[in-house]
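We just call them A, B, C and D in the order they show up, numbering each chain from 1.
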Amino acid sequence: MIKAAIIGATGYAGAELVRILSRHPQVRLTAITSQSYAGQAFWQVYPHLYKYIDLTCEEMDLINIINQSDVIFAALPHGHAMPIVLEAVKQNKKIIDLGADFRIDDPVVYESWYKVTHTAVDLLAEAVYGLPEINRNRIKEARILANPGCYPTSAILGLAPLLARGLIEPESIIIDSKSGVSGAGRSLSLNTHYSEVNESIKAYNIGQHRHTPEIEQEISKIAGQKITLSFTPHLTPMIRGILSTIYAKLKIEALDMDLGQLYRDFYQEEPFVRVLPEGCLPRTKDVSGSNFCDVAVVKDKRTGRAVVVSAIDNLLKGASGQAVQNMNIMFGFAEATGIDDPSLYP
Amino acid sequence: MIKAAIIGATGYAGAELVRILSRHPQVRLTAITSQSYAGQAFWQVYPHLYKYIDLTCEEMDLINIINQSDVIFAALPHGHAMPIVLEAVKQNKKIIDLGADFRIDDPVVYESWYKVTHTAVDLLAEAVYGLPEINRNRIKEARILANPGCYPTSAILGLAPLLARGLIEPESIIIDSKSGVSGAGRSLSLNTHYSEVNESIKAYNIGQHRHTPEIEQEISKIAGQKITLSFTPHLTPMIRGILSTIYAKLKIEALDMDLGQLYRDFYQEEPFVRVLPEGCLPRTKDVSGSNFCDVAVVKDKRTGRAVVVSAIDNLLKGASGQAVQNMNIMFGFAEATGIDDPSLYP
Amino acid sequence: MIKAAIIGATGYAGAELVRILSRHPQVRLTAITSQSYAGQAFWQVYPHLYKYIDLTCEEMDLINIINQSDVIFAALPHGHAMPIVLEAVKQNKKIIDLGADFRIDDPVVYESWYKVTHTAVDLLAEAVYGLPEINRNRIKEARILANPGCYPTSAILGLAPLLARGLIEPESIIIDSKSGVSGAGRSLSLNTHYSEVNESIKAYNIGQHRHTPEIEQEISKIAGQKITLSFTPHLTPMIRGILSTIYAKLKIEALDMDLGQLYRDFYQEEPFVRVLPEGCLPRTKDVSGSNFCDVAVVKDKRTGRAVVVSAIDNLLKGASGQAVQNMNIMFGFAEATGIDDPSLYP
Amino acid sequence: MIKAAIIGATGYAGAELVRILSRHPQVRLTAITSQSYAGQAFWQVYPHLYKYIDLTCEEMDLINIINQSDVIFAALPHGHAMPIVLEAVKQNKKIIDLGADFRIDDPVVYESWYKVTHTAVDLLAEAVYGLPEINRNRIKEARILANPGCYPTSAILGLAPLLARGLIEPESIIIDSKSGVSGAGRSLSLNTHYSEVNESIKAYNIGQHRHTPEIEQEISKIAGQKITLSFTPHLTPMIRGILSTIYAKLKIEALDMDLGQLYRDFYQEEPFVRVLPEGCLPRTKDVSGSNFCDVAVVKDKRTGRAVVVSAIDNLLKGASGQAVQNMNIMFGFAEATGIDDPSLYP
């Protein structure tokens, strides 16, 4: 039984952490903090957990909170995790950051995309990018865990098998992603106002989304060469889910390979990646509420391209579910503990 | 560990039973049947359970299926449960019928509303109406369990405290219910065709819905007198959930009572009814994915009426969740086993 | 050709006025004002009208705007229309107020429900409640037009035939209304945040909604006696539409009447009320985008009640469409000019 | 005043034709046919047009219907238009086919994608592909008008300026399209069943959708060379709208060009294409209910690609709106007659 604290518990990712960790058999939630709702019972902020969870939101007393915890989850907007990580390291506690502050290896890249100064540059090298399917061994030893972004999780898991085997032209990669509205969080905005969003789909931040350098960094490592790619996010009229449709030019030697088998082999041992059988394609609804990433690969001989489709629940495998999966690995728990629910369908 | 079979596993209620029972620690699913999908793996019918559930749909071999099971769940359209119940009783097995065939005590009433002949009239007296909050003790001993309808569950739980205390005029009751589309099942119909249903709300079957006699029968028992009421169902553009808004004239002695406290006392020990604090009103989203029924009562002094609002997930507390709750009671398991998930929010 | 100004053009009702009036063959839009967006092109605020409407939002220069207009539309939150009406009257211009400030005859009632002091009490008696089906003749002569609320429009049109003929028990009326989210306007709120609202229905302001005294006042006039009633609004996961389900006890003499025929006779000449044929029930989608109010009445002999269902588009017949209908009447134009679009379906 | 007939009036495209043509000032609807609903009033099939349209669905008496009409609209599944076109040509009437039968120049290509024998091969050369922005002059003279598919309309309008100027690498084109559910028509299917579709997005028919050869054929003509491309359609949880996100490698000479200006110049005179200002991106909601195609082009210097986004209403510019636009051109009416509504927003 370990003690866990959640800093920033009243955003959607934080609330999912509260839901999952409050039922995790090897975790005791010791503190949840919220800037906006300090002093309120958590169920007042999220009435679906009335009579289910008996926690009160606290103001952040950083030193004490970290002192009382074995693991700290930070679920904050980018730019806010550095002081928390610094203090956690000082106290030699494990920290899982759901934000972007420790995902980008190069602080210059971080600062140019995020427009924020990085105040813990010395710790960047130690941070582990928490995609278990790629980095499981490093995660086991991690003290600072940079939990991946939602889009990058779907994109990297979709591309990894092809890249690891060197089967695609690296400069040909295009990632067209469609996200549900919960990815934009609980903060009010015309972009998430019901009457503006429903019955509409749009692209946004074309070529400029902050998850671009994160995807490029991680797939460059897998490919063993520097990759630049096109990434376009879209806002879709649904609450949960990300679907990424990924295009890449196949190398000649790949044109006659069984790519489905390649994917099945690559993810054979993975508890949370399901390579769908031939002829099936992922739907976000099939993973909604679960920690699964569903993947399918289609070889299009006419164009010589592979088209990969991957689907996740942005709040689970794309955020809080993956964070708990990482915690399980870091503390030696069974990897699926607390996150083994299937999708709620329909 | 008991053995369970599901007859009619590929409708939405059946699929929820499969999801819940496949993870229930004291149940082993021995057979699932489907007329339409016999021979197919269950995940082919419901891909969200791929790699999660390893069952194949069977044709119904009634005698054998019942023989191999300790409990049988029938999730079929009305009129189809009688032969199953007859055989289950013959083999002295417990049967939980999610349909309407054993809910109505009087076969004449059943036949006039359902336009079907009842072929197991002798067993009607033995069937127990499976609303645990009202009938828990009888459920413990039940062999034939008539699992309540979705609308009746929300209506009866909303009205029971007022009726049990005799605080409302019985002839004044009006129930205005709003259901999500999954309540209409998986059968194809223009009424459930996406482009027809989305962005629209409508009433249907005004004064003629088949759940009317079921509600009247059960609340008449609670009130100790025969009650006739108005019930209007509506189809709402969402997947899951029923919200019932219930109106009743308060008797004079009730006008100064604390009705909220009355409800809290009435449901004090109930694991799945949450009487919301003063000032809070139920939302279907807060119970979606859970077995909870959320209730609030408002006393409107201007009109002398009580307005009660209750919310359930029609597929859980309104169908499969409640069926498992009943099974837990019938077999002496902890009542919340397998159905203690909170809502998935947002 | 008359000149019209819209004060408060960038809320949803204002935007619908802009859309309708910019194409109205007998109107020239001379000014649109917006506190939040002054100086911006209207299409920047509402890009769906790009290249369609070439107007810029202005700051409100009240005296000049009124001076340059023949009719002024005020589409503002309650409490803001009094100075505008005062100035319009001073300049002897016609004013159509889409807010609540001139709907309630008794300033004491207004102030107790709206918590605002009425600063133009002397003008209340002159204001005409703009429901054409009830008040057409008075509207023709009106200088101050109080455009009805969305819920009251659906409720009053649903009840008028029964009340005018004295066929129901006045104290038995219950109105259960379901509104789309656009009724809550464009202001940001957690109540209209996509992920909170979608896939959920809830009641709100039970017995306390500000449209209650408006409905009671108008139906009391029709009935010729003071009526108190229950009104419960609900928020439904769709953008446009109000469905009101109305319950009332029938007097004995009504139990054998053909209520459908009564409604058809009552609304025979009305261009914007459609009494549906026997067996059909209104759906909000069938009126969405149109100025129609669809109505059906069901006689439930079991309970002795009439159940009336009415459907409108809250932004058209419930706000801006009706405002233009009123303007057409006030200026002697053909009543359907500019608002004769049928619903956009599906 | 011309006389028009609609064959297949009760699908969604047919119903939109009925709505538009019944109000078109230069058209009289003489006949509407329906296989499924012959003999029923149109409003019984589409109640939103009750009291609005007074037409009855007929069985198809082909020779007479064509005889009585100046223009025939065929809104049928592919494979059914050939006999109609043959008869129309025989009687020397103008025919607008909303299906695919006359869009593909090469019958071998048609038959290999559509799995149907083409029975009017001799007429293919005469058919004009009805995209006014590309083929307006030929449309003026057309007798057989092949109305474009919904996806092709959005794709071709998005690509035409770049292709016409030769600014992109032809083999680099990838079209990722997202469609609302109404594109799948009114026929019942699990793919359009509300509870299966809502809250989910998926890709389908990757590399195999029948609109692929249509897009390739038309953009090859514009480019003056044979183009093979990747096209992936997606089903999105909304009723109306198609958003196409199009990727193409820019030639070196294009990297410093003002692509937005290029698009504005190209579509300068077009009544139904809106090139959005710098910094704005299309949303389907902004065109929903209108005949507009909104387009934006983004130059991504990092990757050397152009990313074009286009949005249409699949039932209007993607089907019936464009069919009426073509009719207007064919008969010399003002091009926007009857289809000049802006989007209904929100």
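Points to keep in mind about this one:
One rule holds in what follows: contacts are C-beta pairs under 8 Å (C-beta built on N, C-alpha and C of every residue); 3 or more make two chains touch, one makes a residue touch a chain.
Predicted model only: the values in this text are computed from it and were never measured.
Taking A-C and B-C together, the chain pair joined by more C-beta contacts is B-C. For B-D, the equivalent interface within A-D, C-D or A-C is the one where over half of the contact pairs agree by residue number, namely A-C. Per-chain Cα centroids separate chain A from chain B by 37 Å. Chain A and chain C, compared by their mean Cα positions, are separated by 46 Å. The distance from the centre of chain B to the centre of chain C, with each centre set as the mean of the Cα atoms, comes to 39 Å. Residue positions of chain B touching 2 or more other chains, listed in rising order: 12, 180, 182, 195-196, 198-199, 237-240, 283, 285-286, 346. Against chain D, in their complex, chain B makes its touches with residues 12, 180-182, 186, 188-190, 192-199, 237-239. Every residue of chain D that touches chain A in the complex is listed here, in rising order: 174, 176, 178, 180, 195-196, 198-204, 206-207, 228-230, 232, 234, 236-241, 243, 245, 247, 281-286, 288, 298, 300, 302-303, 305, 307, 309, 311, 346. For chain B in complex with chain A, the touching residues are 12, 15, 19, 46-53, 182, 198-199, 239-240, 274, 276-277, 280, 283, 285-287, 289-290, 294, 341-346.
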